[in-house]
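Following are the structures in question.
After this come two complexes, each holding chain A, first together with chain B and then together with chain C.
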Partner chain A sequence: MNSAQIEIQLIASLVAIACAIPGTFLVLRKMALISDAISHSILPGLVIGFFITNDLSSPLLIVMAALSGVITVVLVEFIQKTKLVKEDTAIGLVFPAMFSIGVLLISKYANDIHLDTDAVLVGDLTLAPYDRIFINGLDFGPKSLWVIGIILLITLSLLIAFFKELKISTFDAGLATALGFSPAVLHYGLMSVASVTTVGAFDAVGAILVVALMIAPAAIAYLLTEDLKKMLFLSIFFGVFSAISGYWLSHWLNASISGSITTILGLVFLLVYLFAPKKGLISVSYRNKQQKIEVSLLTFLLHLNNHTEERERHINHLNEHINWQKVKSKSVVDLALRNNMITLSGNIISLTEKGKSFTDKAIDYIITNDDSEIESMKEDFFLFRG
Partner chain B sequence: MGTAILGAICGMLGSFAVLRKQSLLGDAISHAALPGIAISFLITGTKETNVLLIGALISGLIGAFWIRGITRKTHLKTDTALGLILSVFFGFGMLLLTYIQKQPYANQSGLDKFLFGQAATLLERDVWFMAVVTFICFIVLLLFWKEFKILLFDADYAKTLGFNVKAIDVIITSFIVVAIVLGLQTVGVVLMSAMLLAPAAAARQWTNSLGIMVVLAAVFGATSGVVGTAISASQNNLSTGPVIVLVAAIFVVFSFIFSPSRGLLFRQIRFIQNRKDLELHKTLAFMFEIAKNHKNISHPHTVKILNNFHGFTKKSLNKLENKEYININGKMWSMTEKGYHFAANLYNQQVEDNE
Partner chain C sequence: MEQKKLAVTVDDLTVAYNYKPVLWDIDLAIPEGVMMAIVGPNGAGKSTLIKAILGIIDPIAGSVAIYGKPYKKQRKLVGYVPQKGSVDWDFPTTALDVVMMGTYGSLGWVKRPGKKEKKIALEALEKVGMLSFKERQISQLSGGQQQRVFLARALAQDAAIYFMDEPFQGVDATTEIAIINILKELRKAGKTVIVVHHDLQTVPEYFDWVTFLNVKKIATGPVKDIFNDSNLTKTYGINYKVSVQQ
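Coming up: the complex of A and B.
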């Protein structure tokens, strides 16, 4: 590992952290797509900034780009307020238009400069270490490292300063207003941070990776926890993890770094999506199946409770009467037996005392819909939890 | 010609996307199509457009259905799912593209034209292909019109009627994916979503009927296709895609402002109108209060009495006279029979409203 490699990984990790923080709030506020809109619509700001300064590295470019990001947000909100279209349509209308303006400006007036649209969309981290800051001939490290470092510092201090306010306004906007925080100020503050981060990050990693780094770690973390602080730390962790492993993947494949980082993020999400302990696809499906069986069990027990005649309680009769498949009936009967709710003598099923009281409680619950009735049953069954 | 057809089909299908609140699905899918293009190139090694488009179609569909899966099975919201799929698929596509570019083939360049699209590269064959697909979509749309419509506005009702909601849903989504994949070549990944949305959003402002909306959106889409192509052809260095999108955006802005029933302009005019009416009614009600105290309702009063009441102007008095609610005679005014009744009813209505 040479120093350029370390620097690339450092930049990627810093970008990941800087993106993960606003990203978490965007995901929680259901505004994830705003980041996509911002990342596209900063283009005209960049181009105009370039026209003014004629210098690609001037800080004015970043300011202009962030400004056009904020303008996008304002426009989206304005269109939404007219109630003519829904929010997502508003986003979908604004950012392609902004992006088109940017592309046209470039292709019309700035064809010969190095600001080409591919670079904007995809970015190139490999070159980042070669764009260095020299002060009095001393090497102060890569420029993008400084840019993103400063942005990260600002974001972090804002986060720490306004954590409580952000938290309340994210989860209960009404309460936040009642407590006297202005939701608008927080909203636009968050949007500005998101814009600035996008701009700062995108010349290192490209617009699409910014979106991926904002949304994906937060989404992964959200599947794993419901605690805001944990979610922040987890998304930072996943962001940094994919940044570094993505770098090595790209090193190995000799392909684009931002593409590899995004791919790693996608893979991690896929894994978490499938295997997350509570929210994962597999555990959700398992729980659904479990609940299905329990509902069947209830139906079965109720049926037994209603019929005292032996004919109705014959095991074969149940098959036809409740219209279940053989396999399903068997699993339900097994479950009931395991819980000592029924006894089998020959092929005749009868309820035990425990089964009877369980059924009565269940009926009570269905009738009254009162939680206290089923406290004692919660231990055994998924169905009644939550 | 090609862009006109593209605009038409996008407008048609876009109406559904907009009404189903899936506006940004188009954006996500158009990005998700990229890895498909790269993979089909890796497998076949050709740059045959149709082969690449099939790859794009497959990966677009995978993206679309994964989005559905995420929103159904987890508590992540649609926007997160869209953004996630969009960026992850696109990143993966970029990874593959850069990987391809470093492979020792000679013919790998040109894949990235899918990023921004170039209408000029359209061949006659492609146009025919698009026309055929559009036609098929159109036929299916007509055949299942009723089902689509019910699903769109009342999915639960459709379910109770016994329609296979899932299947219809899949058909619509697949059509949107098809339209997007067709458009990739022309306007490119980024601007595709605008092609889908803008005509539909513009058409929505003019009508409340689904049928008219679909037709209008198709017309808007086709027009912006033609106009955009014409503008970009007339100038150097103007790429087609962005111009088309901007033309479509102008349509949208125009519709937002000038549409008769929903437009901002007319809404403002109606608003002012209402306010004026209210002022008139207020003046009239005040006069009524005065006139009520006299046996003869047409007993004349001086205009000066009204000075306590600030809501009147000469103009509003004249207006009231034009409506024959009052008579004005020099500096005196008196209520007419008609005005009295109107004001009395006005008052009654207000009482009822307050209760």
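Coming up: the complex of A and C.
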């Protein structure tokens, strides 16, 4: 690895971390789409900032861009509050308008400068190591590294300072207000951080892919954990992982870095979506299937509980009487046998003590909905886990 | 009851959504130490009244005082149990963590909860019989358990006045008993409790004060004086017979 390669990966990783933090809260607040809106609508801010300073590297550009991101959020909320259009419609109305103002401004007045729309849309990391900061002839590293580094530092300090406030206002805005933590301040604070981060990530991944870096890592983490802090760490981890492996994928394919990073994010999400231990698709369908069998088991046990006649307890009787397929009867009987709830002598089934008490408890639960009775059963049966 | 201090006073409170009043000119004077039910049909503005008192919704007119001072100066005296459906129970956190949120108010901005706050939260969980569920993810709790977690969170606020928005809604028998026991304990400790309540049958049993609300205030006072056919009919618009209830 040469130093340019290391620098690119470092910048991509910092961008991923800076995006994952606000992204986690956006996902939890069901506001993923707003990041899309912000990323597009910072463009007019960038252009106007450039017109004022005539300098592409002026910090004023970041301020102006962030400002237009926040203005977008305000506009969306304003339109939505009139109740004349729904929230998603409001987002869909505002950001293309903002973005197109930027596009018009560039094509009319800034055709001759580096601000071309392609770079804005997909970014270009390969050039990042060549735009360096020199002070007194001393090389201080790539400019983008400094920009995203400072943004990340601010984001991290805000996160550490206001973690508790962000958590409560995300989970329960009503209580947050009653306790005096203004959710509006936190909301616009988060929107400002998201806007500034988007500007910082712009060079690296462009307006479209910055959305992926905000939302995908958080969506992946959400499927893997049930703890907010862990969710933040996991989002950061998957962001950085995709940034670095995306870089090498692009190296290998000789293709766009931002495209490769996003592809990796998509693949990781797909894997987690399918295989996550608790919330993954496969685990959920397995659980649903088990639950179905358990309902049948309960039906079966109730039947045994109600009927003492041998005729009713004959194994073949199950197929006819309860109208089950052979396969289903077998899996239910197997499950009951495995749990020592029944005994088989010949083809006659009898309820064991354990089976009897299980049935009684289950009936009690169904009647009273009092779940202290079934705590012990939750470990073994999905049915009672709510 | 005569010379008791007033815990909550509401003067000429009017709240509107999109210029349509949902609460119209409400006056209330709630004495310290009462257990008050707010009853009224759907859309009567019961939750809105609580939210306006707690500053969650801005009224277009009127004022609220908690022990004679504006709510903003008295936040620490007030505990709140929102409707269970008002939050996302898939939020990645545990029962203990939710209860800890009750202590955030006394911590103020930036300061983090520590050992003392954890102890308060654990005690609150114990009071509602949920200590063994402290590490459980909140989506894995039953509806009744979630309601008890909310109650524990309010207890962790250690307030003088409690506002509860339909705490009995859709709960199982265990939870209903747990909530009633907590209400009794709060009463014994001299707290004021204001509950949005749906089940008219249990009003005389659980509460000593009642407010009838239907956009306007119909009546407010001790249950034994005003919980009668005439007020029920005025509030619900149909002929009500208390005799059916008790």
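Observations on the model:
The rule we apply is simple: the second predicted complex is superposed on the first by the 380 of 386 C-alpha atoms of A that agree within 3 Å, B and C clash if a C-alpha of one lies under 4 Å from a C-alpha of the other, contacts with A are read in each partner's own complex, and residues count from 1 in each chain.
Definition applied: a residue touches a chain if its C-beta (ideal position, glycine included) is under 8 Å from a C-beta of that chain, and two chains touch if they have at least 3 such contacts.
Computed from a prediction, not measured in an experiment: that's the story for all the values here.
With both structures placed on the common chain, the touch criterion links A:Y222 to chain B and to chain C. Which of chain B and chain C touches more residues of chain A: that partner is B.
In the superposed model, A:S100 makes contact with chain B only, not with chain C.
In the superposition on chain A, A:S235 contacts neither chain B nor chain C.
Contacts of A:M31 after superposition: chain B is touched, whereas chain C is not reached. In the superposition on chain A, contact of A:N254 is made with chain B only, not with chain C.
With both structures placed on the common chain, the touch criterion links A:D88 to chain B but leaves chain C unconnected. Of the two partner chains placed around the shared chain by superposition, neither chain B nor chain C is touched by A:T359.
Within the superposed three-chain model, A:F269 lies in touch with chain B and out of touch with chain C [touch as defined at top]. Common to the chain B and chain C contact sets on chain A are residues 30, 222. Listed in rising order, the residues of chain A touching chain B in the complex are 27, 30-33, 35-36, 40, 79, 82, 84-86, 88-89, 91-93, 96-97, 99-101, 103-104, 107-108, 111, 117-118, 121-122, 208-209, 211-212, 214-216, 218-219, 222-223, 250, 253-256, 258-263, 265-266, 269, 273, 279-281, 284-285. The residues of chain A lying in touch with chain C in their complex are 28, 30, 83, 161-165, 167-168, 170-172, 174-175, 177-181, 222, 225-228, 230-231, 368-372, 385-386. Contact residues on chain B toward chain A in their complex (touch as defined above): 18, 21-24, 26-27, 31, 69-70, 73-77, 79-84, 86-99, 102, 112, 115-116, 190-191, 193-194, 196-198, 201, 204-205, 235, 237-239, 241-243, 245-246, 249, 252, 256, 262, 264. Contacts from chain C toward chain A in the complex involve residues 18, 51, 54-56, 72, 75, 78, 80, 82, 86-88, 91-94, 97-98, 101, 104-105, 107-110, 112-113, 137, 139-142, 144-145, 153, 172-174.
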